[in-house]
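Note that subunit A is present in both complexes that follow, paired respectively with subunit B and with subunit C.
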Partner chain A sequence: MSIAITTQFICFTILSLVVIIGALGVVLLESIVYSAFLLGGVFMSVAGLYLLLNASFVAAAQVLVYVGAVNVLIIFAIMLVNKKEDLKPINDIKSRRIISTSICLTLLSLLIRVDLTNVWSLSSPQNSIGEESTIRIGEHLFSDYLLPFEVASVLLLMAMIGAIVLARRDVMSKDISTGLPVDQELIEKSSEPLLTNKN
Partner chain B sequence: MMNLESIPIQAFLIVSSALFCIGIWGLLNSRNAVRVLMSIELMLNAVNINLMAFSSYIDNNLIQGQVFTIFVITVAAAEAAVGLAILLSLYRNRVTVDMESFNLLKW
Partner chain C sequence: MEYGLDLEYSFNEFLRGFGLSSEIAHIIWLPLPMLLVLVAAVVGVLVTVWLERKISAAAQQRIGPEYAGALGVLQPIADGLKLLVKEDIIPDKADGILFTAGPILVLVPVILSWLIVPFGQNLLISNVGIGIFLWIALSSIQPIGLLMSGYASNNKYSLLGGLRAAAQSISYEIPLALSVLAIVLMTNSLSTIDIVNQQSGAGILSWNIWRQPVGFIVFWICALAECERLPFDLPEAEEELVAGYQTEYAGMKFALFYLGSYINLILSALLVSILYLGGWGFPIPVELIAKFLNLPINAPFIQVFTASIGIVMTVLKAYLLVFIAILLRWTTPRVRIDQLLDLGWKFLLPISLANLLITAGLKLAFPQFFGG
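Entry: the complex of A and B
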């Protein structure tokens, strides 16, 4: 990395602040649409952190897969299921919040303690591969990680078929058991219109 | 001003720890099922930052951590697709995305 160290520090500070504040916004904001767009910002900043770590290929993959595919998929899902509804109140919500927050804070303090107290055996930056990392990833994928690479392709195929099977509607015109015509109307349409603005 | 030649690895690890804990908090406390999926994505990203930091600071010649990050990204994409498909079919059956009303498998 040929950037000056102060520039690296400034970039790291800005990116990590965006990551943490954006993640807090994702879990805390009331509107789910704002959460989805903030999630895109978090993914972009994580890609920036990867660039600081000399990993241009993984940063590009992060932007392509997370921002380009996962985030767009989440926004589409929000458009399909975004019905304003009054949630039923839970009676012991306060104790749940207290317990889960204390568990998360305890875990965070433990993790930070491990991060700070452990002595990491850092390797010298002289033999760093630097900008050649894409070539090295390709070598790994086609030699010692060949089996996981092939299994990942099978996994993606299974996920694609599974998502199609799970999300499609039943399009047969007759019910198999009774022989009666199937009600082809959209469930959402028959119950309540989508995207009603109640408040 | 500290006299360092690079960002310490602990900074990356702390950012990833905080991101992971925020993800767990959102996973436990969200009522909306889409937000639960987003929290899972946050946790996977925290793991990815960790892998990338170790790959860059400890294993900077072989960079096996970057290969693992590629695999995690693959699995995350598959998980998001299947998770949102399950969410859509749940929404067709229940006409809600409230996590508290999904008790189909409750004993």
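Entry: the complex of A and C
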């Protein structure tokens, strides 16, 4: 068993290092594109952690939803509006940083307190069901977790309708907040001809 | 149905005969099937490239490669060697890290997906419980690599190609997953082994293609779109976008894209044959033939025979589908991007949803035919 345990430990160490360093990179890097790609790496490593916990279905779902859908859409949006402009300087950046750091540290201390007080060990080691988990998840989704599941789908439907309303501006003729008639022109501005200004 | 060759067990027994512990034997065993499948995938790519050249030549009334080996069979190897020794260029204004990571991210998920491709009862790398779902999840990673290389090239054609690839991949993943879901509904399992075994009852008559004709067509169209094969090769449409996200790539990095797309094509063909065409099953059940010839099904030489028939059948079905894909590539025009997205969202998605609903109804109404 020692080889299996060693392998598991090495994998766990590498995955947690990638999660922590990647998450720091997402927050601290200046380039938003790098942040988005690092976010994908963090999602992948979290999926790897699920795999180590014998939750293969959750791991695959994590990859499919977070990497394949959420992260791709984030990168897609960043590249569609790929503007190269500097961020506006903020006046009271120092006090803002102090406030956000203190909030983050408070949350961190709360989490550490949770980690130290809660009893994490399972009642019996036979509790892990491994490959059976897909069936068990399905049973739960259609019995005791039915209401949250359906409410989540209603939420997604609402988000979709909202996106359609925002994207198709001919749905509403008046601006909701000001009451002025909405500009119905195309969003794209006519671009300058490529060759005239080159001389 | 627990017969058939179990190479892993015999190999471990063999090594334990030399006094090795079962753990060491397992570690020595682990890389062998992986290497074998990797070699099989690369050889499959070489064969497909040769087929593509020969069939395209036939479709255009040319001869095609002729001088490299008999009938030009060595041409793909020459191509590969050429790409291997070409200079590796990273454009001056490109983003070096992302430019290098892009092709790797495109290739690795495709190769990982070979984990679940079975060539026989025990002839696959790992019979993971989530089976076919693993492939769907892994194939959703690919667009990140495409976006990455499109962005890092610092070239507007590359960026447009990358964006198109991602949009196309996202749109066609949904009907693809829904048509797989209909199969899973009938099988009661995500494992590829179970999916094939469920189709092995009456030979060719029990293949899923008869029970899921709509799903088969939807899956095949979506698989072609995911592979960016010609009716849907907008991301690299050469007349519009030079070569899409591949424009700035040369040498080995280009070869990774090339390899990735062909491995993906073979993988898709293999999965279509597993999901809809009975996988390793012979059109007439092998047990029936053995009974007819009065041979015991568990005899060693019969098992070797059935295993080799299984491999041959899987590869044969897959290459039949690859042939259809190549023929489609050289005979159909490219669709426009709006036609592509319309086809995905307004046609395939509703049809695959209806297919799923009807499958569920049929499963409840005729449990003996549609998997109770």
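FYI, the second predicted complex is superposed on the first by the 155 of 199 C-alpha atoms of A that agree within 3 Å, B and C clash if a C-alpha of one lies under 4 Å from a C-alpha of the other, contacts with A are read in each partner's own complex, and residues count from 1 in each chain.
Please note the rule applied: a residue touches a chain if its C-beta (ideal position, glycine included) is under 8 Å from a C-beta of that chain, and two chains touch if they have at least 3 such contacts.
This structure is a prediction, so every number in the text was calculated from the model and none was measured.
By the document's definition of touching, of the two partners only subunit B reaches A:Leu107; subunit C does not. For subunit A, the partner that touches more of its residues is B, with subunit B and subunit C as the two candidates. Of the two partner chains, subunit C is the only one that A:Phe37 touches; subunit B does not reach it. Contact with subunit C, but none with subunit B, is seen for A:Ala60 once the two complexes are overlaid on the shared chain.
In the superposition on chain A, contact of A:Trp120 is made with subunit B only, not with subunit C. Touch criterion met: A:Ala163 reaches subunit B, while subunit C stays clear of it.
In the overlay built on the shared chain, the residue A:Gly68 is in contact with subunit C alone; subunit B does not reach it. Of the two partner chains, both subunit B and subunit C are touched by A:Leu80.
Across the superposed pair, subunit B and subunit C both touch subunit A at residues 57, 61, 69, 73, 76, 80. If you check the complex, the residues on subunit A that touch subunit C are 3-4, 33, 37, 40, 44, 56-57, 60-61, 63-64, 67-69, 71-73, 75-76, 79-80, 82, 130-132, 134.
Interface residues of subunit C, counted against subunit A in their complex, comprise 23, 27, 98, 128-130, 133-134, 136-138, 140-141, 143-144, 147-148, 150-151, 159, 162-163, 166-167, 170, 173, 190.
Of all residues in subunit B, those touching subunit A in their complex are 4-7, 9-15, 17-26, 28-35, 37-39, 41-42, 45, 48-49, 52-53, 55-64, 66-67, 69-71, 73-82, 84-89, 91-92, 95-98, 100-101.
Contacts from subunit A toward subunit B in the complex involve residues 1, 5, 8-9, 12, 16, 19-20, 23-24, 26-27, 32, 35-36, 39, 42-43, 46, 49-50, 52-55, 57-58, 61-62, 65-66, 69-70, 73-74, 76-78, 80-81, 83, 85, 87-88, 90, 96-97, 100-101, 103-105, 107-108, 111-112, 115-116, 120-123, 125, 127-129, 133, 136-137, 140-141, 145, 148, 152, 155-156, 158-160, 162-164, 166-167, 169, 187-188, 191-192.
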